[in-house]
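Here the chain labels run A, B, C and D in written order, and each chain numbers its own residues starting at 1.
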Amino acid sequence: MSLAIELPGLSLKNPIMPASGCFGFGREYSQFYDLNKLGAIVMKAATMEPRFGNPTPRVAETAAGMLNAIGLQNPGVSSIIENEVPFLASFSTPIIANIAGSTLEEYVEVAKAFNEAGDVTALELNISCPNVKEGGIQFGTDPKMAAKVTERVKKASNLPVYVKLSPNVSDIGTMAKAVELAGADGLSMINTLTGMQMHLSAKRPLLANKTGGLSGPAIKPVAIRMIYEVKKQVNIPIIGMGGVVNAEDALEFLLAGASAVAVGTANFQNPYVCIEIIEQLPKTLAAYGFNSVNDAIGKGICS
Amino acid sequence: MSLAIELPGLSLKNPIMPASGCFGFGREYSQFYDLNKLGAIVMKAATMEPRFGNPTPRVAETAAGMLNAIGLQNPGVSSIIENEVPFLASFSTPIIANIAGSTLEEYVEVAKAFNEAGDVTALELNISCPNVKEGGIQFGTDPKMAAKVTERVKKASNLPVYVKLSPNVSDIGTMAKAVELAGADGLSMINTLTGMQMHLSAKRPLLANKTGGLSGPAIKPVAIRMIYEVKKQVNIPIIGMGGVVNAEDALEFLLAGASAVAVGTANFQNPYVCIEIIEQLPKTLAAYGFNSVNDAIGKGICS
Amino acid sequence: MMRKENMVILKKSPIAQDTIEMVLENKYISNTAVPGQFLHLQLKGHMLRRPISISQVDEHAETVTILFKVVGSGTKELASYPIGNSIDVLGPSGNGFPLEPKANSTILIIGGGIGVPPLYYLARKLKEQQVNIVSVLGFQTKESVFYEEKFAELGRTIIVTNDGSYGRKGFVTNVLDDVSSIDCYYSCGPLPMLQAITAQMAGKHGYISLEERMGCGVGACFACVIPTDDCGGYKKICKDGPVFPAQEVQLV
Amino acid sequence: MMRKENMVILKKSPIAQDTIEMVLENKYISNTAVPGQFLHLQLKGHMLRRPISISQVDEHAETVTILFKVVGSGTKELASYPIGNSIDVLGPSGNGFPLEPKANSTILIIGGGIGVPPLYYLARKLKEQQVNIVSVLGFQTKESVFYEEKFAELGRTIIVTNDGSYGRKGFVTNVLDDVSSIDCYYSCGPLPMLQAITAQMAGKHGYISLEERMGCGVGACFACVIPTDDCGGYKKICKDGPVFPAQEVQLV
C-alpha cells in the first residue's frame, strides 16, 4: 500500500501533516513521537515582526469544535528561521512555512526571508486569517487581492506556493481560480469559519477579540463541500483540512479531491492523532478498495 | 417576567418559534403539545407550484449537526392556503409563511397569494435555500438581487416581510443593509451553511443532491457572529436561529442581538424542545439578571 | 399514537454476528405497538434519532424486543449501553403491517438480514389468526443467521445464505418458486431484495417495509419520502410507512 | 515529562458544595508529579481537554487525588463518571511550585476556593522539609469550605468566608496583616484575589498559580499566554506555568 504522494515541490511519504497553528513549531509534539513519521510539518504563521497576538481568553469550546483568536502570535520570521527551522530541519520531513501579513509587502518580505534561509520546502500563504484587522485589506475574500498577493509572493521566491483559502466567502471557486491563474502551485483549504460565542454571565463575547475562527469536526461538511467544488474547477492539488479526526475522515477528504490532508484541532484532543491516522490509513484505504493514496484522490466526485 | 415581544406586524407572547422546514405545517408536533404555547409558527417553504423536491437520501448526520437537501418539497401555495393554514389558524399563534421561488415572479406570486388568503401574519422570504438550482439566480448571495426581491415582495403584499439571510456569503452586513434599504421589516438568520458528506463505500456524496444545508449546534458560533455583526449595522429586528437547543442558547442569541429565536433541528431530537425552552426561559433570564426578553436583546454587544 | 417515552434495558444478548437482541421495558409502547412499527431512539452524542423496528412485544411483561446490527456510530453506541440504562424513545412510530388475513390462507414471509426482526412480531400475530405461514429468510452467511427456530415454530421456514454456508445457497428470490401458491406476502429487507421480490411477485397481494434516512421521524421534515407515482405523488416512510402495499410505492 | 496515560477512578466523594474529590490510579503520573502540576483530562463529547490540578499524590498506592468544582458541562461530565471508569489524561503537565525553602523558614499559603487543591500537595511536601506553614484559605460560604483539618494538621490555618458564615468574614487579603513575617508565599485562586495579594505582598518573595482557557495544554497553540512585560514578552501558562514567580507575570 503506497501512502506516498508527489505534490509540486513536495515529496510526501504520506499525505498526513499537522495544520498550521495547531502544532507550534513541532517541539512540543516531538516529545510524543518521532516527527520523521509525518508527511510534512506546517509551521505556525510567521509575520515580519514579532507579534504578541490578541488578549486572552483566546479559545472557546463549541459543539464539536472550538473557536480561536490567537491573533498570529509568533516571534517573527527571523527568529523562526534562527531558532525553529533548524530544529525541524533535523528531521527528514518537508517543512511548510505558513506566512501571514498585514500588507502585500509584508507577505513578500516574509516569503523572501524563508526563500533565502533554505531548509523550508514550501510556502503556505495564509490569506485567510480572520483574526487580523490591520489595513482592513481583505486578501481572503477579494479574488483580485488574493491573486495579487499570490503573484507577488511567487515572484519573490523560488519555493512552491500553496494558497490557504478562507471559507468565509460567497464563491470559493472564484477565489481558487483567481489564485491558480496567479501562479499558485497548490491550495490549502479550509481555514476557519468566523464565529463567536457569548459569555452569558459576562454579557459579552467570550473571546477577548470577540470573534474567532471555528475549527474541528463541526466544520468538516463545509470543508468537504468546498474542496469538492474547487477540485472540479482547478488543476492544482489541494491540501485538505477541517475537522479531521481519524483515517476515515482523511479518506473522505481524499475522495472529495484533496491530495493531502492536514490535521489541526484534533491534535489538542489526542497528541498522537497524526501518527495514528498514518498507521490506520493503509487499512482504511484497503477496506474501501483502494491500492494507494493516489488511487483515492477525487474518486468521490461524480458528474 | 415578561416574555412578550413586539416585532413589526408580530405580537409574540414569547420569542420562541419553530424554524421553517423543521416543523412541517404544525400537525405532527401538535400531537405532542398545544401550539398555542408557541411564540409563532413558521411554516415550511411554499412555492407557487407543488414541488417533489430532491431524490433521497435527503439527510445526513454530521458532528453536532445534520445536512439536509429536501429541495423545497411542498404542495404549492394554493394547497397550503387551503389545507394547512386553516389548521394553524385555529390556534392563537401568529403564522409566518416562508416563501421560496426560482424566479422573482414566483416570489411575488406566492407572497400575493398569502396576502390575499388572510390568516397569515407575516412573510419570511427564503432567499437562501441552498438546495434549489433553477435559474441560477443567486438571490441569497447578491445584495442587488436580494434587495430587488425584497422590494417586489413588499410591494405585492401588505404583510410584514422578514428576509431570511444565507450565511454562505463573504459579507453578511452588506446583504442585511441591502434588504433593510429595500424595505424589509426584519431579518431572519441564519439559514444553513452549504456542506457535503462523502459516503466512503459508495464513493460519492451521501446526499443524492450531493450538497446539503448544515444545521444544528455545529453552526451556532457562525450564527451568533453574523447576528452580532448585522445587529450593529441595521435598525430592523432579527429573528435568530442556528443550533438552538436550550434556553441558554436562546439567551445567547438575544444577547447577540436577536429579538426572537427560532428552533430548527433540535425539534428532531426532542419534539418538546420549543415548549421546554419557553418554560425554562424565565428562570434563565432571571439567573443572568434580566427582567424581560426585551431587556436582554443586544446586551452582549460591546463597542 | 406515538409518544416520547423512556425505555429501560432489561436484557441484552448477542444473537448473531454484530447483531444484538435487546429487551426494553415500557408500559405504553408495549401495550400499543403493532407489528411493523418502529422505535426512534435518541443516542448520546448523536444529532439524529435512530429508527429500529419492533421485533417482539410482551404486553404482560410490558417489554418490547428489538434486534439491531452494529453498522455505524449510533448502533455502536446503543450496543455499548449497559442493562439498566434508560433510552429516550419516540414510539411506537409509523404504520405497521395490515393484519386481515382470511383463516387458513397461506402467508409468505420474506425477510432479508436485519429486515427479519419486524417480521417475527408479525408472524406471531398472524399465527394467532390461524393462518398458514411460510417463511423465507435470507442472510449473508452462517454467522449472521438468527431466529431460525423461532420462525420454524410458526411454520415452514427456509433459510438462504448468499454464500451457501448455511441453508440453501443464493438469494431469497431463488427459492420463491418452490413456495406453493400464497394469498399474501410480507417482506422487509434491503432495497435490492425488495425490488427483486416485488418484480417477481408482481400481481400478488403483498406488503413491504421500507427504510430511508430520517430527520424527524414524525412526518414533519420530508426527509424520508418515497414516490408513489410519476406525477409528484409521495408518501412519508416514517409516518405513512414504513409498511406499504407493494403496488403503492415506486422502488427506485 | 508529560505523557498520555489512562487513569482509573478509584474513589469519588462529594467534599463540599458542588465539589468532588476523586482518586485516580496511575503509576507513571503518581511517581513523577510535583506540587502545582496539573492533569489535562479528555472528557466524552468535549472538543477540548480540561485542566485540573493535582491536589495530592500517593506514590506507594500509585494514586493521584484531584478536587474539582462542577461549573460547566465538562466538570459535570467528569462528576458523572462512575468508579472504575478510565480517563484519558495528559500529565503531569506544566511546571510546579519551586520547593527550596530554608529550614525553619515561615511559608504562607494563600488559597481561594477551587484554587486550594494544588496547595495541599505543596503544603505536604513543604512540611517534609521542616518549615513553618501558615495557611489562609478563603471560600465563598460555609458550604464550600473543604480540607480545613488537612491543612490544620500541617500548621496554623485561618479560614475566611466572603459572607462570614464560617471562619472569619471577608477576603483572604483582610487577614494577611495578621500573619507575622514570612519568608515566602504561595498562592492559587481567582484572578482578582491574586491581583490583590500580589499588590499587597509586593516586594515579598512569592509564587502564584494561574488559570487560563487552554487549547492544546502542551505549549503548541499559544492560547494560554500571559504577558511578562510591556514589550511583547510572554509565558505559556500550560507549559511555563501554571506557577510563576509573582513578579514575573503581569496580571491584567
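Definition applied: a residue touches a chain if its C-beta (ideal position, glycine included) is under 8 Å from a C-beta of that chain, and two chains touch if they have at least 3 such contacts.
By chain, with names taken from UniProt: A, B = Dihydroorotate dehydrogenase; C, D = Dihydroorotate dehydrogenase B (NAD(+)), electron transfer subunit.
All of these numbers come straight from a predicted model, not from anything done at the bench.
Set against the Cα centre of chain D, the chain with the most distant centre is C. The distance from the centre of chain B to the centre of chain C, with each centre set as the mean of the Cα atoms, comes to 36 Å. Centre-to-centre, using mean CA coordinates, chain A is 47 Å away from chain C.
The distance from the centre of chain C to the centre of chain D, with each centre set as the mean of the Cα atoms, comes to 56 Å. Shared contact sites, meaning residues of chain B that touch two or more other chains, fall at 62, 64-65, 216-217.
Annotation for chain D: no residues touch two or more other chains. Shown here, the protein chains touch around one cycle, each chain meeting exactly two partners. Taken together, the chains touch in the following pairs: A-B, A-D, B-C, C-D. Of all residues in chain D, only 44-45 touch chain C in the complex they form.
Across the complex, chain B meets chain C through its residues 21-24, 27-29, 31-32, 44, 50-53, 55-62, 64-66, 68, 70, 73, 216-217, 265, 267-272. By the touch criterion stated above, chain C contacts chain B in their complex at residues 1-2, 4, 42, 46-49, 74, 90, 212-227, 232, 234, 239, 252.
Residues of chain B touching chain A in their complex: 62-65, 67, 138, 141, 168-171, 193-201, 203-205, 210-212, 214, 216-222, 224-225, 228, 243, 248, 251-252, 255-256, 288, 299-300, 302.
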